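To start, I am sharing the structure in question, which I have written as structure tokens.
Read from first to last, the chains carry the letters A, B, C and D; within each, the first residue is number 1.
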Amino acid sequence: MIIVMKQNAKKESIKNIIRIIEDKGLSAHISDGKEVTIIGVVGDKTKLHDQNLEIAPEVERIVPVTESYKLANKKFHPEPSIVKVGNVSIGGGNLVIMSGPCAVESREQLFDTAHAIKKSGAQILRGGAYKPRTSPYAFQGLEEEGLKYMKEAREETGLAVVCEVTSLAAIESAVKYVDMLQIGARNMQNFYLLKEAGKTGLPVLLKRGLSATIDEWLNAAEYIIAEGNPNVVLCERGIRTFETATRNTLDISAVPVIKSKSHLPIIVDPSHATGVREYVNPLARCAVAAGADGLMIETHPNPAIALSDGPQSLTFPQFEELCQELRPFAELMGRKF
Amino acid sequence: MIIVMKQNAKKESIKNIIRIIEDKGLSAHISDGKEVTIIGVVGDKTKLHDQNLEIAPEVERIVPVTESYKLANKKFHPEPSIVKVGNVSIGGGNLVIMSGPCAVESREQLFDTAHAIKKSGAQILRGGAYKPRTSPYAFQGLEEEGLKYMKEAREETGLAVVCEVTSLAAIESAVKYVDMLQIGARNMQNFYLLKEAGKTGLPVLLKRGLSATIDEWLNAAEYIIAEGNPNVVLCERGIRTFETATRNTLDISAVPVIKSKSHLPIIVDPSHATGVREYVNPLARCAVAAGADGLMIETHPNPAIALSDGPQSLTFPQFEELCQELRPFAELMGRKF
Amino acid sequence: MIIVMKQNAKKESIKNIIRIIEDKGLSAHISDGKEVTIIGVVGDKTKLHDQNLEIAPEVERIVPVTESYKLANKKFHPEPSIVKVGNVSIGGGNLVIMSGPCAVESREQLFDTAHAIKKSGAQILRGGAYKPRTSPYAFQGLEEEGLKYMKEAREETGLAVVCEVTSLAAIESAVKYVDMLQIGARNMQNFYLLKEAGKTGLPVLLKRGLSATIDEWLNAAEYIIAEGNPNVVLCERGIRTFETATRNTLDISAVPVIKSKSHLPIIVDPSHATGVREYVNPLARCAVAAGADGLMIETHPNPAIALSDGPQSLTFPQFEELCQELRPFAELMGRKF
Amino acid sequence: MIIVMKQNAKKESIKNIIRIIEDKGLSAHISDGKEVTIIGVVGDKTKLHDQNLEIAPEVERIVPVTESYKLANKKFHPEPSIVKVGNVSIGGGNLVIMSGPCAVESREQLFDTAHAIKKSGAQILRGGAYKPRTSPYAFQGLEEEGLKYMKEAREETGLAVVCEVTSLAAIESAVKYVDMLQIGARNMQNFYLLKEAGKTGLPVLLKRGLSATIDEWLNAAEYIIAEGNPNVVLCERGIRTFETATRNTLDISAVPVIKSKSHLPIIVDPSHATGVREYVNPLARCAVAAGADGLMIETHPNPAIALSDGPQSLTFPQFEELCQELRPFAELMGRKF
């Protein structure tokens, strides 16, 4: 941590900062510039409440030097992590495709989808049983009934299954039925939910918040890992910007940035990022080319009657075509698919 | 709802849309333009899944005409609402000041604050017992112990008290101790929490999400009201933009926009919006001038040792000065304070 | 400037940085932390190309400590500046209202407007003769003919006049007719235009770019002042965010932030910021309460037939009402109006 | 164009709108909904000033149905355009790499770069002679001297050359030396410059503005084409968001969106988009996989001493490696490179 003093700060103010630092058993390195004095803190910064230093007399600002996340940080865990979901390994040279409907609507819809996506090469079935919807009047999901269908689809097809959870009650149900919990974008900083998901020990798919920085996203992952659960997979799904041609703006740079800052696997969801079916294929290819460890793609037996997110869902033939299209890109990237 | 067809859409595609609309018992009004055909839907749109229409052949886009929130909508409830919090009325010509520390740290800190802010004119004491923090290693709040101090401070001073809740467990505790529940920015679309807060019947202070549109915010309010609880107060606390001189960007326009679209009271939190103490006073004056029904201002006996949000907290003398400064502005706006 | 080295950087890499710094005649202060080494630079940083240090081996990042603008910086010019426009003083305790149509459409329209706004208390007449429009097919302004009407309106009413310029040719015309040049939001980083405007010596009204940071805005002002022209007035007119209820998001915090970082006067344009007439009055009151030195308000004899920006223009009676409404707020802020 | 009336608008207000429409020789289609009346306009909308309709009594809002750009619109020009730059064709199945330094610093630097990039497969040399810089104290370019070096480099290597222009004076110089003009992000809505660039007839590389929507970008292209110059190539270079891990956020979705809405070729600049060298390669692969027609990549003989944008520049061996890496991706996309 670095403390930058205001221009021509008084000696007294500088001494005050040094005293605060030394009182905590840390040491201060002083650098007297022509215009400003800078104080470096040496030692365990968690002992200091930096925000208080910030309001000490004549402090201009505080510059953090190290990231606040440790367990998710590549610096302290240089090898890329591999997360096991059922029999599927995410990370480590695989390209894992998760697919399925936005919302589980019926056993038939789910089973048809599970069989179709498996045939095309997907390894994990997704399906929403608890749907966070902007309006209370929109379809909210089948809840536990949907989870049961997920489990049956797993038994029928051998696919691993992942389902979003939105409350402790949903987690308590989900652990009985699914292989992986998903925390959605709107709950990325629902810290209570993160901790509860962490405690289950199940692998967690953590979507990026609509306006979360990458730093905040990794801190959210830290909440899960700090519960003793290192099985976190990140999912980039678009951020909110002023652009309206797509539902969100896919921040594809997040893939190399995460690879540079963290050891956690990262997948990309081009369906939610764009909200437009015709943009799903090009962005799925991008994700593979950027080095993502997997993809989440919405599919539906008949998108025209989907209860949720029809416009971006692929039909089964479209999904098959996408998988064919992705194979050579995966190969170029040295990924098994 | 309006359906805009693609340029030179085939008759068959247009007929298809009309059939879907009429199948639901609604009627369709066709407008054949030189370039495009537009279809207006007459009747109860909730019977249609607009997203599915969006992917019907040759549909260019769907334009919603009416808002999805009803109970929060001024159109169906033209009179401004007044929300009672303990003995305090928010809305209807009052300027209500809520103040207190970001986090409850001790009984002494809270009592000192409660007495000081009451003397200056605040009517509601705020204080966080459950703190959502970006990093799991930051101070997370005193939890139920903090709530107890809040209740005691209420008994001691007669101030109403409001506290943020972050989980069902927190709500279950809070209802025993506080007059008003706060849903924080990070939980604005934690729909499960909104419903549970709604069920308590307690007034709810609903902060705007970091990147929530006003439309989404009013839909979040709708979740609470739809549980039979009309006692919602909105709180603008800054949105996320590219600007870094302030922690967030206070969207002051939200005040007149909410007044135009909804009957719910709205207050402003300049402390969190800016994160900088010297900007709190000018923005508090703005909020009053914009027509806000109240303010939330962070205060602390000694900001330099606050465990959270020190840089933006006011000392008691600063808070007294702010209240003095605001009085004539409140008077100009015809508000009692 | 501070150089933060990567964790466990080699001694050699640290020596390399020190050598670069000392080669330029500057000195380096080393702070060896437990995790990272930090190097403070003492001396005239303009001699260093910081971006190159950034890519030297094992450099984590460079933290600038001082702002790049000097002439616009309050640190080096603590007294607030007063800018004279004709006989009008902006800054220093006045509240200056600029008003007029978005686009000059005819002599009659402009004269009617000039008389009406003068009567209500405006001191400066605005009017666009060169209109930057998103589409090439929209009305682009009367150009030099419009400027002539501006000059005539000045002679007729005694109001000072300001007009936007969008090219060197426009500047060359404008200097013959107007008292103040306006650089619009889209040209805020048209550095060529800034320099040319600076060279004229005329006062310049510099609007904030649609997505400009405050730091970039002050650097743009620096371009003008560096040409020997200190007569710059800043104008906050809304920034681009994801919110769609208003055309832009008025960043009202910019007023106290500018007051804290610069000595230049700042005015607010609530008409362009919101694009909605009914929000103009509350935001104009905000601007005064925030401490702005003035306002820019669009007016039109008959907004329903305006060739540009009708929705946000006030009629003359509405403008008169606004001025009446603002007077007591100006008085509270200690401003003459 | 669709006019949505306010709920329960009076008959008189509806008749007023119809009269305005019919006065212009257009016709109105009325759709009386249960809640609102909607009026569709049939005929040539350019005859209407929609903003004025917006403020007519009881109008809720105006919904545009057709895009304002025509010449850049795929609807009226379904075949993809191919733009010739010297002997190089952009569009139509090629992958064109433009490369070179951010700023031309010396003849030697430019020649070394030209030879190196040509060897690796680039077809166009870029180099800035007029540098728009945030601070007036940063290096501003060699101006005409830089252009001369560009021309000499073209003669020496046979590469086509492109250079940014920032003023009419710069255009007048550039036409003597270069094959293609570049309009930079900060000037995307410098409409005067767009028109002047259009008049030259030279191909124009139009970078997307820092916070420009895709719709505004295509309207900016329209300004150039409307001058009779159809030779426009678009360049996505990142937009401004709240994320700070990269300098800007590359909006990779812009590639398929542009392909869907326009016939103009589009290239991607991952160097400026990220500002970080290690992210350039993954994002360059993305651009190819998304379907871009080319790339702009910054290179420098020795980035550590570059006068501008060192951190993101590739060395020649790194550029060679990137080109090798891209070849198989280009092949998969069916592009010649």
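Of note:
By definition in this document, contacts are C-beta pairs under 8 Å (C-beta built on N, C-alpha and C of every residue); 3 or more make two chains touch, one makes a residue touch a chain.
All figures in this text were calculated on a predicted structure; none of them were measured in a lab.
Common neighbours of subunit A and subunit B, listed by label, are C, D. Looking at A-C and A-D side by side, the one with more C-beta contacts is A-D. One simple way to say how far apart two chains are is to compare their mean CA positions; for subunit A and subunit D this gives 31 Å. Subunit C and subunit D, compared by their mean Cα positions, are separated by 26 Å. Centre-to-centre separation between subunit A and subunit C, using Cα means, comes to 39 Å.
Residue positions of subunit B touching 2 or more other chains: 211, 240-242.
Taken as a contact graph, with one node per protein chain and an edge wherever two chains touch, the assembly is complete, since every chain touches every other chain. Interface residues of subunit D, counted against subunit B in their complex, comprise 2, 4, 7, 29-36, 38, 40-44, 60, 63, 65-66, 75, 240-242. Contact residues of subunit C toward subunit D in the complex are 46, 49, 51-52, 54-56, 68-69, 132-138, 166-170, 186-187, 189-193, 210-211, 216, 219, 222-223, 226, 240, 277, 303-311.
The touching residues of subunit B, when paired with subunit C in their complex, are 211, 213-215, 239, 241-246, 249-253, 255-257, 260-261, 273-274, 278-279, 282-283, 285-286, 288-291, 328-329, 332.
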